[in-house]
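In what follows, a structure is listed as structure tokens, so that the remarks can point back to it.
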Amino acid sequence: MARNTGRTFFNAPGPTNIPYQILRAMDRPSVDFMGEEFLQVQRDCLVGLKKVFKTEKTVIAVAASGHASWEAAMTNTLSPGDTVLVPESGYFSQKWSAMCEAFNLKVQAIPSEWSDPIDPAKVEAALKADVNGEIKAVAIVHNETSTGTCTDLAGIRGAMDAAGHDALLLVDTISSLGSMDFRFDEWGIDVAVGGSQKGLMLPVGLGFNAISDKAMEAAKTAKLPRKYFDFHELAPENGQMKFPGTAPFHMFFGLHEALGLIEQEGLEEVFKRHEKLASATRAAVEVWGSGNGPTLFCSDAARRSNSITSLAMPDGFDANELREACADNSNTVLGGGLGKLDGRVFRIGHLGDMNEPMMIGALSAVEINMARLGIPHGKGGVSAAIDYLASA
Amino acid sequence: MARNTGRTFFNAPGPTNIPYQILRAMDRPSVDFMGEEFLQVQRDCLVGLKKVFKTEKTVIAVAASGHASWEAAMTNTLSPGDTVLVPESGYFSQKWSAMCEAFNLKVQAIPSEWSDPIDPAKVEAALKADVNGEIKAVAIVHNETSTGTCTDLAGIRGAMDAAGHDALLLVDTISSLGSMDFRFDEWGIDVAVGGSQKGLMLPVGLGFNAISDKAMEAAKTAKLPRKYFDFHELAPENGQMKFPGTAPFHMFFGLHEALGLIEQEGLEEVFKRHEKLASATRAAVEVWGSGNGPTLFCSDAARRSNSITSLAMPDGFDANELREACADNSNTVLGGGLGKLDGRVFRIGHLGDMNEPMMIGALSAVEINMARLGIPHGKGGVSAAIDYLASA
Amino acid sequence: MARNTGRTFFNAPGPTNIPYQILRAMDRPSVDFMGEEFLQVQRDCLVGLKKVFKTEKTVIAVAASGHASWEAAMTNTLSPGDTVLVPESGYFSQKWSAMCEAFNLKVQAIPSEWSDPIDPAKVEAALKADVNGEIKAVAIVHNETSTGTCTDLAGIRGAMDAAGHDALLLVDTISSLGSMDFRFDEWGIDVAVGGSQKGLMLPVGLGFNAISDKAMEAAKTAKLPRKYFDFHELAPENGQMKFPGTAPFHMFFGLHEALGLIEQEGLEEVFKRHEKLASATRAAVEVWGSGNGPTLFCSDAARRSNSITSLAMPDGFDANELREACADNSNTVLGGGLGKLDGRVFRIGHLGDMNEPMMIGALSAVEINMARLGIPHGKGGVSAAIDYLASA
Amino acid sequence: MARNTGRTFFNAPGPTNIPYQILRAMDRPSVDFMGEEFLQVQRDCLVGLKKVFKTEKTVIAVAASGHASWEAAMTNTLSPGDTVLVPESGYFSQKWSAMCEAFNLKVQAIPSEWSDPIDPAKVEAALKADVNGEIKAVAIVHNETSTGTCTDLAGIRGAMDAAGHDALLLVDTISSLGSMDFRFDEWGIDVAVGGSQKGLMLPVGLGFNAISDKAMEAAKTAKLPRKYFDFHELAPENGQMKFPGTAPFHMFFGLHEALGLIEQEGLEEVFKRHEKLASATRAAVEVWGSGNGPTLFCSDAARRSNSITSLAMPDGFDANELREACADNSNTVLGGGLGKLDGRVFRIGHLGDMNEPMMIGALSAVEINMARLGIPHGKGGVSAAIDYLASA
């Protein structure tokens, strides 16, 4: 079958499938970005984003991708030489460490196997040991996109409270926001970092921050320089967002539609749907793995992500060869292993605008192409996923 | 799961899924429909359509649906009181009979079970019996959309030749054109009838006719009145199409893209893809049926359609209830039983812009919802389809 | 300037500019055309169309263009040999006469100069002279697209009443519907014929009929054959439209949006806007004509159309040369002269989705290119249009 | 007339009108941003951008707006405490000064009236006076968007050479790139800053930098921190761009189309078209001003911008009132006065996808609404613009 026949099953862990309503909302003429019509759209979006972040605090958007918003989280709250505690979770915790270093921050890592979730007890211990208060921030990935592991943020908050440490809690929600439960206010997050191209079902182009009062206060004295991403310039006291230059209007029209779709389905229903499709995926992988096929990479069943499943390939088989076969034969795009997992892991995204037959279709592409390539696997993985869904 | 989450699996037997490239090609400003830019698009489309019809004869398009082009096939070639031989194949042969009657034509039917294909021998016998030459046309459905049965047109042509009868051969290719092999010139068809919304992957809005020289000649004397659909007005001698009023430009821009996509894949490759996906579907149904579930409606394995599969429900179960569950729970649209098959049959379209995971996704929706509704069926239908594809 | 730089000023008299909201509404995946979601859209559209036609009677839509709906008006209400009274108004009254003849109807013409409006007194006289009641229908163009002349339909109704004649009144509203006032019920029209690509701002693809009770009754006995366009099949007693084959769903989604835009602006406001822009256009032409340039073709100031202005070229100058220059240099599309007016007349459409600067832009293209080509004209036409608008 | 009837005449100085081909190219499903298909699009775009910048050096794009790329120009080449020479040109030179200060750079301004162009002699004098070599960069706006004044960059380069100073030359081309001639290599620019939403006819979302070898070298030692915008990470040695996180694929598909449209017209032709439309605009303003109406803000006829014209309102009249009337009555969006020019100046953008009737339409909106509001002005401004175009 020619590669591009039919629809692409886009099951990378981001970007995700963009509903046609969102694409169409973005496909429109330029508007006066200072005009009342657009400003109302912009205001509505900030209200809607607050619901998704579960916060009543400040939320901002920038014309950039999520990586930039992570940079904003640091440059607005920290000063050169500050120490950041970074529990290792995978490829993205590594990237954030590198970003800290680029900004002359000291990184105190908590090393870990990537297949394991972050242990709140280790965070607590590290903070308790910081008797001089050198740690100014804890930087955590909520949902580690490279491993399919979800961090217990309530546990992290508890650890920080137990340690009585006042470090800021900076959290990357890029691959969880809008797909898995995230409670900015309840969990005492200080700066959350999100992006448009995952659970919010948009193209790349907007980065988000939710910001606590404590972080806004910190931004008044933090000495790392910034301008384009300055929290206080972006979120002036009147509550209106103020963009440096022209507002990214077409992304906002898309975001407006996306938030409407989420509202229509119901945010908790969105989470349940993700859990159901993730469970079906895991049911298939369990069967495959039972026959010496790919297995679930995340070691802790309780912390497996509902937005992404990482699969460890059996020894001697190349994950990328399977991904290429899925793309070439079955028009199905899967994620590869990142960093040291390259070739050993592939990732199935089940986040965003997804439903039962889309999920089964993607799983079938894996099953069909494993058979074609002679990759060992337990038979009946897709059947198990179907059975799960039928009884769910 | 809310009905409209994720993409719709549109597996009705028409309209079909419209590739985004086609939708985008149609989404454009008005053009001067007498300007050279558009006229070139129109000319290219006629050239491309001839390849799909496999003809070097006349091809026309009208702003209407395929039903209208069937009407055009009759009103341009026949006169009131003429007899038309209509072998029964299902719901659509019935509709064409009714159309004949509306135009004061006499219908000579060849009755048949809908589950059986048209028997060329019966056509030959009927023509041989027509010693007075009252039969002016044989009207045949190539691919009976209501039953998923494909007529042996080479056999029909052979029957007509064997009978030495000079009736016109009028053929409905609406649900086969661009999905299954059709050879207008080789099979000696006189008027073929097509539509935009099936294998050509467009919305409803264009009807097509391929017309033999013999039929063009017949149009000079045929007495049924027509104007909007007049073959000689639509296809003047210069080979340029001439529309009554404004040309349906946006459909032509879409058609241009559609023909390009078919050219890119290769027409014979398109047919092979349809055969593969149809075979996978049949593999699933065989398994379901083996456990007292739905069975293949078409009785003749050699004539089962590669564009549509009709499934007969087990007694006591309502096909429409299953279809509604698929739509409501799994965002999958299937076709219902037409006419006397309503409730007893449902239909899975596998024509047009379709690929492996789309097919498996749709089949999984059937399997999941049969389980949910307690409809008996052999387990593992989807697995059988996957196995078929893996080994195809 | 290269031809296609910037937006096309599409000031042909149809198709018209399609608002992006309508294009986007049409740019969507296939839907189940028997599903409740679409059926509601379809029902809403019929309700909206009735408002535009100003009728409480039957309204239907067919997948075809307006020409086909005119054919439907005749084949549903008349029988072979019937006489139709056709007052000459221009190219389109000629076309309808030709259509009558194709359907074996007798045409009784009322000859007229194309520059003059239809005279109700002549209609009255013709009907009074028809003592044997051979005239079964009067067929009138409301807004003659070829000349820019609007027929006094209230006057025609009055003439028919004064004559005491019970012929059906069939009216072509193709280039007036949604642009100029049309009152189906009040004016006692029996069948009105409309199309999607003019005041309704859609692409070609839908034809409309509004049908009086008297015409529906006539359809029960009329002997001209029809099936695809059969009023009683399209408008069954339950008030739901029933399409032959697949409904033209994407056109209906566009129509739904179009009717919403009209509702939002207000139908009477739409008419006022057309009158204003038409008046501005006429103000420009008066100035041009005062200097031996193009003049208003319609001889009767009271009956000049608010949707189209036809301009008679000064002797010795070719209208098509000017049109080509406008298209090639200024990306502005104008209509040409039809039939015997070819080369002598050009037409400026000001109907549909139009506003002040669009109108002035199109008029400026005419003025600039007249200057370039050395076509004589009074200076300051565009200024006069601007002055009109500023004071309107 | 209701505000939103017809097309918006978007004559703000940015964003600009987005051609439908670009919007449609962006309206597409997600793609694998690491797949060869997209990487080729990305590579093609960099090649095309180099032609627009007229450079053979490094070009990068970031998912952000032009302001961010200006920030990147500074953070990659400078260190805290460095001095930047900023000749005052208007609102945007002020903004860049503020950005310098946010990044702990010292600003040495060259004050000027905003109505005057930057004087290369003053730049030369300032550099000659910098005997200790404290000035590390000269930061210049090529086309001052707030005033409609174009800087003589060849003159600036000459001044720097004459002074024998090795400061880097950083240039903002945001509102000139793709509209007015810009010669990165020939003029010896070190870092140029561009954005997607002006001459490149895209939405906001991409920022561009062209970077000289000298600037790339400076980036190896510059001490201002950066990561998302790091030149060497974005432009690795292999010439392939490498994005932090997901590439902004939909913007690249749009950019690919935009560069194709520019290529099709020819870059020099694009410049000539801008000059012609700007000249027509100036012809209109000269007439208006001759009757105590708005006048050309830029004092130097030789340096008036071909992408934007700023108009100074007559005393006692509010520019914003006129802009609102244009928007509300004539669906025409104009730019307001920035900073201290608020209310005193309005701006007509004539850059991007613009043609003759679009320009005249926008000018007519100004003329109509000046009349409506009783703002004094010489009569016949639009006529003068028409005359200019007719004879150009």
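Just so it is clear, A, B, C and D label the chains in written order, and each chain counts residues from 1 on its own.
Note that a residue touches a chain if its C-beta (ideal position, glycine included) is under 8 Å from a C-beta of that chain, and two chains touch if they have at least 3 such contacts.
Worth saying up front: this structure is predicted, and the values here are computed from it rather than measured.
Chain centres were defined as the mean of their Cα atoms; on that basis the chain farthest from subunit A turns out to be C. The pair with more inter-chain C-beta contacts, choosing from C-D and B-D, is C-D. Averaged C-alpha coordinates put the centre of subunit C at 45 Å from the centre of subunit D. Rounded to whole angstrom units, the spacing between the C-alpha centres of subunit B and subunit D is 55.
The residues of subunit D that reach two or more other chains are 7, 17, 24, 27-29, listed in rising order. Residues of subunit A that touch subunit B in their complex: 1-2, 5-7, 9, 17, 27, 264-265, 269, 273, 276, 329-332, 353-358, 360-362, 364-365, 367-369, 371-372, 379-380, 382-383, 386-387, 389-391.
Residues 7-8, 10, 12, 14-18, 23-24, 26-35, 62-68, 71, 80, 98-99, 102-104, 195, 197, 203-205, 224-228, 230, 243-251, 327, 333, 336 of subunit C are the ones touching subunit B in the complex. Of all the residues in subunit B, the ones that touch subunit D in their complex are 20, 24, 27-29.
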